[in-house]
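Below are structures written as structure tokens.
Shared between the two complexes below is subunit A, which has subunit B as its partner in the first and subunit C in the second.
What follows is the complex of A and B.
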């Protein structure tokens, strides 16, 4: 690779932004976790409200994990995304089956 | 080091070569030998079943042995014959088709094979002490309460070989995603490689369900848990769900590669581009996708309720649509083509009507209301033999005739090939067509005997005669393989005037496959070059050093370790001495893993000079 200052600057800028995103998502995830603990620990919400909320928080965290920490948002990860969503789909079906149509 | 010099090697040298090989072509052959052996075993068991049913109230084999026969026939044919034969073909052909020098993880590939082989041996060792007898589906509570160690062997044998299959699937996925030759985009991949890719995804997602199910069954039988024990709060239906969440994708894992094979053969021998290539690819993906959402159609009579039954019935029927697309595309590939009819083509042509009958009865049994009548009758037996024999076995035999020149450097004898085809084809329809009617007349499957004067005598007799025809056909094929090896001349490089990349590889195939990776310029890569008068592939790179993996005995020893540990698991319920086997076997396997992890093995390079020396 050619090592001129222009590309160097560009990469530096990119790395900086990447780092910023990483830190933001990291902080958000920690905040989400604290919120989750607060909700359950303080008992401020009824179960009907708390469970869906926790699930939503969890889903967002999983998305952060995949897209930011595991770089699924970057180019060249299409096949990875297909595989992960395929696996999620198969898992959801299995869990749905074992929880919905087994106990009658 | 890197030549194919014709020399006589001692038997021990050849044996050592195959025990340590990581070459996809040799592993493919090993899969074919292993799968072929188990196919013969499974066939023998089928013959015993049919002889037992040749006349009413026959006592050729005892009731217990009959249960063992049907269980072992099903298990062997699905897991240890059809699967490995297809994996063998994929191993031997797929890397050549996409222009790769090997699979992505050659070591894991070898490990996958040895795990499969030892799993198969494990299952068949059970014949000594009593084979599994709970049916190939091993439904609980029958399987949890089956006395003796038969079902234990089933669990451990399938667990070991299942791990191997999972490795094979992951390996193919990584290979196809990462190692396609320059220019080989996804939409230029031959259909056989496409189906390999799709079934690898299915393996990746479906086999874990089997693994989990088998573990639960193992805990219930050997370690006193109660997942399936209703009396202790368990639920025996969980097994059925787990088994079929795996089991239904499994049947697509078997049939989709066969679809790929036929697509290749029709295009080659009709001298036409495959009709509707894009539609074929998407139909394959759609079948795989839908195949995951239909497992409960095996359980209509369990009592899931009308809503669940209806949903699964409709999802199942939806699969007939992409399958129909495929059938019509094959017919339109043939339409107006310059057709050559040889053995490979005969198997492929026979597949279309046979499989369509199986598909039609498939829609019939998918109708959940009517299924209450068909369930557990010979109608179902006839249905799945029409799709598995008429689809998968025909596909494997067609592929063997088609790719034999690449794999074994011989063209199979045409006369023998046709004799094998016609006897097997006639025998197949004799055996199974009548079983539809036996089923409709009320003959249940898995029964040891039937009574006379119930209208079942003649049908069963005809069915058994058909089984003998099929046996004869298989024996002729075996004779053909040996005969062509000894008597026929070495095959030329491209005997069928092929279209895809595997026919552009030199014969005998060098162990690095391609001296220079080829440049792929479109679908049917070789055909494009032929049409433009080049006749061979344009290289995509200059001649350079080729990086090759070293052979290793570790996969063999590792699998042996798990095999020994399997006996430990089975017999620790009887005697504490079995712990020696259990811990000893696991130690062997884990030490092998440790060696593999700590010892760097960077492989070796075939230098540019060596390659140039070999040149032409």
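What follows is the complex of A and C.
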């Protein structure tokens, strides 16, 4: 039992440190969101500059969500990465196909 | 009896959601499902991008969208993502009551988000006459955003079901994977929303 309590304390400490990372992730996501809304709200940027920048901000936010909130950075997520990147690959093809059909 | 014992251990393992084979399978199964959902939403995004300028002389995205409400909705959903992280933190520390509390807050934020979305759609329909049938842009917009809203609604039903069903059971290795799969699904809803507020609202406002 003594041993178990010790491991529990160790795990609790680990969970606490994990929580700190999660809070930093959350703060970063909020800041990125505010930047994205400011870019559009202030209208200070041209369309050609604003759209790629907005997309980059979104991609970084989504990466944070997947790797920190959904734990893809942890061990044992190899199969998970295969499945989600498989989905992302098909998604990119789908969006590209549907947009390209209209452009040309 | 030994079966019960293995599901209610004296000390919880470090990752109770993945301690059983069933838990591991649930975890992989949900990610497989999310891979498929990615493709589903991609086809809706692609359709929206293709049709967003086909307004049939109706209101355009620049005239319709208001950033204030979308910002509020984004904050609500983003915060609900954090509260579900809190819930999983308490699950890993084997604190059932606090987990239920944070899951409850997650649900309330989800309801608030859905309320804003219903108000938004109501506003578009009554103030602008912008409906599902008014233009190709309308159809694509309501399909994409409505599908996401439907996912939020489904998530809320799922959450209430597992919260009520397990209220008296407490936390064990049988239901820990259930809470964990829900939280992953809820994060994914937020992932989709990040693309919706960027591609639909912000890019729609830029032009």
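Methods note: the second predicted complex is superposed on the first by the 94 of 104 C-alpha atoms of A that agree within 3 Å, B and C clash if a C-alpha of one lies under 4 Å from a C-alpha of the other, contacts with A are read in each partner's own complex, and residues count from 1 in each chain.
FYI, a contact is a pair of C-beta atoms (placed from the backbone, for glycine too) under 8 Å apart; a residue touches a chain by one contact, two chains touch by 3 or more.
Every value quoted in this text rests on a predicted model; they were computed, and no experiment measured them.
Colleague: Regarding the shared-chain residue A:83, is it in contact with subunit B (first), subunit C (second), both, or neither?
Modeller: Once the two structures are laid over each other on A, A:83 reaches both partners.
Colleague: Please work out whether A:70 is in contact with subunit B alone, subunit C alone, both, or neither, and reply first, second, both or neither.
Modeller: second
Colleague: After lining up the shared chain so the two structures overlap, which partner does A:36 touch, if you call subunit B first and subunit C second: first, second, both or neither?
Modeller: After superposition on chain A, A:36 lies in contact with subunit C alone.
Colleague: Name the contact category of A:12: first (subunit B only), second (subunit C only), both, or neither.
Modeller: Second partner only.
Colleague: For A:98, is the partner it touches subunit B (first), subunit C (second), both, or none of the two (neither)?
Modeller: both
Colleague: May I ask you to decide whether A:44 touches subunit B, subunit C, both, or neither, giving the answer as first, second, both or neither?
Modeller: A:44 contacts neither subunit B nor subunit C.
Colleague: Going by the touch definition up top, name the partner, subunit B or subunit C, that contacts more of subunit A.
Modeller: C
Colleague: So which bits of subunit A does subunit B touch that subunit C touches too?
Modeller: Touching subunit B and subunit C on subunit A: residues 79, 83, 86-87, 90, 94, 97-98, 101-102.
Colleague: Which residues of subunit A touch subunit B in their complex?
Modeller: 79, 83, 86-87, 89-90, 93-94, 97-98, 101-104
Colleague: For the complex, give me every residue of subunit A touching subunit C.
Modeller: 4, 7-8, 11-12, 14-15, 18-19, 22-23, 26, 29-30, 33, 36-37, 39-41, 47, 50-51, 54-55, 57-58, 61-62, 65-66, 69-70, 76, 79-80, 83-84, 86-88, 90-92, 94-99, 101-102
Colleague: Spell out the residues on subunit C that touch subunit A in their complex, using ranges where they run on.
Modeller: Within the complex, subunit C touches subunit A at residues 10-11, 14, 18, 27-28, 31-32, 34-39, 41-43, 45-47, 49-50, 67, 71, 74-75, 78, 81-82, 85, 89, 92-93, 184, 187-188, 190-191, 194-195, 197-199, 202-203, 205-207.
Colleague: Okay, in this complex, where on subunit B does subunit A touch?
Modeller: Listed in rising order, the residues are 173, 177, 201, 204-206, 209, 235, 237-238, 241-242, 245, 292-293, 295-296, 303-305, 308.
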